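What follows is a set of structures for review.
You will see two complexes here that share subunit A, one where it goes with subunit B and one where it goes with subunit C.
== the complex of A and B ==
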């Protein structure tokens, strides 16, 4: 069998990109990129995006996207903060945050699954609602929790959480129906339905898992910043999108959606941004470079659907 | 099509590297081996050098963090920064960040690792977290332009690397001044347009001060509208269309919304404007009689913060610097006529890019740098700043 070298190169570009980015910036920053202090920065920066990306890749795998991520994170953090302020209980706050994240995930998923090809619409509407709630609460002033809760913001714990998330989602994505069926739905949802896959159920599960991931990220965001405002979580859904696209996730989903998309994409995007800041590149240039790369990757990853002729 | 995509994929690999290399030209500062040494990061004098020549002071590297550098405020602060760079061994990097606390904290984290000697931060969300990061990394920081809450002030009091704050904190009086100016001009149906409540402390205080004065006058009507920045211009348009207002008062930095609406709705001659902005459009608006009162509080901000951080890095603060949190009240320069504006342009902020002027010039900055004047005191510095009125500036520079 002839080896398709071009396909090999294409498949390995995310791996090549992450190595190139790390090596390049390690060199130009005189090794500062790989110093312990900076590795801690990278872990803190990558934590929320990677955790949420590991959940959201199930949504992207079936060809949809979730625009509620930032608003949901903000609302989860808000609820957590209010509970801590009124009860002082971190455990209760965590439980409530997770409950809210999962609940919104289920609602979001049910709406998206019903809207089928226009699944982004309910996501967009929910995003406005969640942002509106946050802005309404933010109008009353920034909500703060005591500095002592900052002790829960621990890099070691974050590394452990990410490690567990990686193992769990790898298993779910590659070895269970949740991952396989979401990819199948992304390939062709009509054919998947006809094959007996409960499309509605697996789409809802994908959003639920994302909601759960967002809630965990919200908890750590809350204890790190210890202040919640109308801007909390702003733009996070786009950070997740950029990370997944950088990792080679096709916007159309399907079989080309791979586990490594979330992992490599997050690492590449974070190291790229971190490296450019360390190197002294101006903020606007960083945005420009990220924008150009993102555009190129979207072009490469877009695959026109062949569709199924209606009967 | 597939062939094109594969080719582009290969080119992407090259573009990823080449794009970064070509785009960064001139944007980075040179680093020396000593910068990568984590031990020297906490040694303020040695860690700050990016140029080190015999007999010359080491160049400070200061990051200035704000949400937007493209507006008038951002451009003016960069202009002040460029002036300082010409006269002192300092290099500023202007960093843009969002308003999300997490993003601000991550940005500060990266800047501390990148080896900056000081950080001036206008973004105070998550203050305690990022302030602690600066403290842990031995990076001096100051608060630029804005206020922090009382509990944050208390937190800052316990930090060794906090260099102080220099901004106007009493915006309520400015709100009262605006109201009084509108009434003195004979306006009796006044619109106040500001940001959504809770967005900015200065905005909330200005509205409060404005209402305090207005509520004492039963013969005058007023209306206060508040909106998020993206929607404020349209909100003013809608309100002006039906209101019959004779004056539009606007909150911090959005004078152009009021003036823009007056022009757009053909209200020149019937509606006047009061606000807080002194960009190039002010001259025409004032000559046309649209703007009757304008204020500016940016005149000394950048220079003051530079003094505070430079002295801290130098290891010698001004004598008598208070312990704990402190803020120097910066007054607003008021412009109430074409003649005043002309004086302002001559002595404070010229529109001539080739011949800029500064209220707090290099010689005056030198007086308060302990590296050049070890006997400078905090009370002298404070008096100097507090007296930054137009009359005093003219008196000093004539």
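== the complex of A and C ==
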């Protein structure tokens, strides 16, 4: 039963990583990490990444990735801000943000599902388009909304939103066709198709859910920063990717894609960056360290999944 | 003929936990035609693969022409004087006949990096001529030739280096009488020249007629070597199986029975592989499709389930009043399909037995949109128990199961769904005898329950043993039909096949 040990260890690595990262940085920063101010900071940072990761894990479960996340968040926030500026209605802004997120999610999903193994290509193209729009608008000058809207940026509300998202996606991922089919597609898409799974539909649904999650994150991002520039949301797709892989998400998807990958990975990744900043490491060095760690994890994840890829 | 050419001592080989060979000893003399016979999985092919350098032995030694023989690969074996014609298709499509014959040896015809085609074609023509094969043009694409002709081309390729030992693995099933004569002539000629042939076949008659010595293998062990004067087919059969052949391995009855009701029908179905396929599958019928692997039989299964779509013609489920459109709708209409390519198309290897069996049954197991883990477990355990899948728990990964148990998992999904029509593509491929007989019993039981089964198989004994009717396919067209109550024999099916 040698393999079972291996499985057990690889299952627990993400948990161990969370504990190690928290304890290590709590010690080296003399407890600064766990102080109320910083906790609030961490929660704000985790919020977007975790909310989106909970959606994106369905995409990663079927063995694809989504590169539009940052661009979409920026565009959602842009549309929301423009609506607030012209009508002043927060509700209308929220509705439009969600509508845009879901719509782009569906388009992205339909394109990606058509490209099968090269699903990241249309995602990449869409990313350029979305970033292009932001740059075009950003070049006209930063768009700002009134500081009073900052009252919507409430940590309590955010915690509530995350709690609901956790419960909802937990059930969706482990106890409904959406999660089970997406993992089955990651495990063997040919078999899934032959067993009557509508592969296209479930892939598109995964992207749609992600689009929805991005739109909610975009709303809170908008009321928090209250200014939209060409750089809004930049690199967020990679933060999500790093978080999921830190959590042990296999790039090939399949049965080893677990709910805890999204949850634990976000905590590890966020505490790691936050902890290094608190420790006084320069931001360019942080980037370097993150890059090396990421490379190691991708390598390990790839090695692990080699047997999983029969093609 | 005491001149020993090849001496094999204590050959051992295991695949994971399966011991394919146990202490195999064989001596082949110069001028000998050695027959190798045994059931599927007895180790005949493994022996030939090891001799021809395509696989490595775990332990044991080989001596060839008085020297220690340890081939690195098939090319190395060829240089030392051992060539092999394999069971499966061994030609490369999309290139010419001559290029196929000289694949890997292009250097012989290369000048300044340019392959001299004319010279190559001429040489190829000479080899074919020497074998008495006249109607093959070396310059043409290999795809222009039939399966049989391609086999002959493979033989020509094997003969080019004038090997001292030629291994022929189950090639004759693909050959007609004419092709077989070419091969037999070649074998006799080699024996006369003091070379040797290792001949593997399922056809006992053929082996008894052409071999000087027969070696019988069972479960990876040598049972006996018989010289020509001791040949007797009953004795050999008994030695092969190790017991008197039981009556109930296949279906016991010899009558063709089914209801009038038609559950699946193909009308003029045509695509790029098959042409004008017409048949009716009835309630309670086991219908077999037999033919060579490239004949299109596997496509018929895929068309019947809706994985592939016909260019012309239609597939219907008359009893349900539905058309076959895609696999999802077929499944909903009570049709099940088990692919030939189990690991690639049928199972999610890196996933649990539970997820693999329940995957197409979630609609039965959910309340609202939530799939109940309790119901799921009960459902899966039921299939594991009825099919007696050997596993530690339903959480075990499918990749760790044996071939037979993997196939049971693929079966379990459809048994659980209570499918009315089962399309089984090579259902017992790579499955051991115990599981095979369990599968056959299950099929008989399903037939009695009024389910219909479409078996697509290259194994003739299986279709003869199980089917009410057998349709034989050749080059994408149905070339013959046989009923259970008429005398179905392997020979009569082969006549239609090639």
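Criterion: the second predicted complex is superposed on the first by the 299 of 311 C-alpha atoms of A that agree within 3 Å, B and C clash if a C-alpha of one lies under 4 Å from a C-alpha of the other, contacts with A are read in each partner's own complex, and residues count from 1 in each chain.
What we mean here is this: a residue touches a chain if its C-beta (ideal position, glycine included) is under 8 Å from a C-beta of that chain, and two chains touch if they have at least 3 such contacts.
From a predicted model like this one, the values you see are computed outputs, not experimental measurements.
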{"item": "Clash or fit (per the criteria above) of subunit B with subunit C on subunit A", "value": "fit"}
{"item": "Touched partner set for A:154, first subunit B, second subunit C, both or neither", "value": "neither"}
{"item": "Partner chain(s) touched by A:226 [first = subunit B, second = subunit C, both, neither]", "value": "first"}
{"item": "Which superposed partner A:279 touches (first subunit B, second subunit C, both, neither)", "value": "first"}
{"item": "Touched partner set for A:44, first subunit B, second subunit C, both or neither", "value": "first"}
{"item": "Contacts of A:255 with subunit B and subunit C, given as first, second, both or neither", "value": "second"}
{"item": "Superposed model, angle subtended at subunit A by subunit C and subunit B (C-alpha, nearest 10 degrees)", "value": "130"}
{"item": "First (subunit B), second (subunit C), both or neither touched by A:198", "value": "second"}
{"item": "Per-residue contact with subunit A, leading partner among subunit C and subunit B", "value": "B"}
{"item": "Which superposed partner A:190 touches (first subunit B, second subunit C, both, neither)", "value": "second"}
{"item": "Subunit B versus subunit C - smallest C-alpha distance in the overlay, whole Å", "value": "14"}
{"item": "Subunit A partner contacts - residues on subunit C that touch it in the complex", "value": "305, 307, 327-332, 337, 339, 343-352, 355, 359-360, 362, 366, 369-371, 373, 397, 399-400, 413"}
{"item": "Complex contacts: residues of subunit A adjacent to subunit C", "value": "3, 171, 175-177, 180, 183-184, 187-188, 190-198, 254-256, 307-308, 310-311"}
{"item": "Contact set on subunit B toward subunit A in their complex", "value": "5-6, 8-10, 12-13, 15-17, 19-20, 23-24, 27-29, 31, 33, 35-36, 38, 69, 93-103, 105-107, 109-115, 125-129, 132, 137, 149, 151, 155, 196-199, 228"}
{"item": "Complex contacts: residues of subunit A adjacent to subunit B", "value": "6, 9-10, 13, 16-17, 20-21, 24, 29-32, 35-38, 40-41, 44-45, 48, 135, 138-142, 144, 147, 150, 221, 224-235, 274, 276-285, 288-289, 292-293, 296-297, 299-300"}
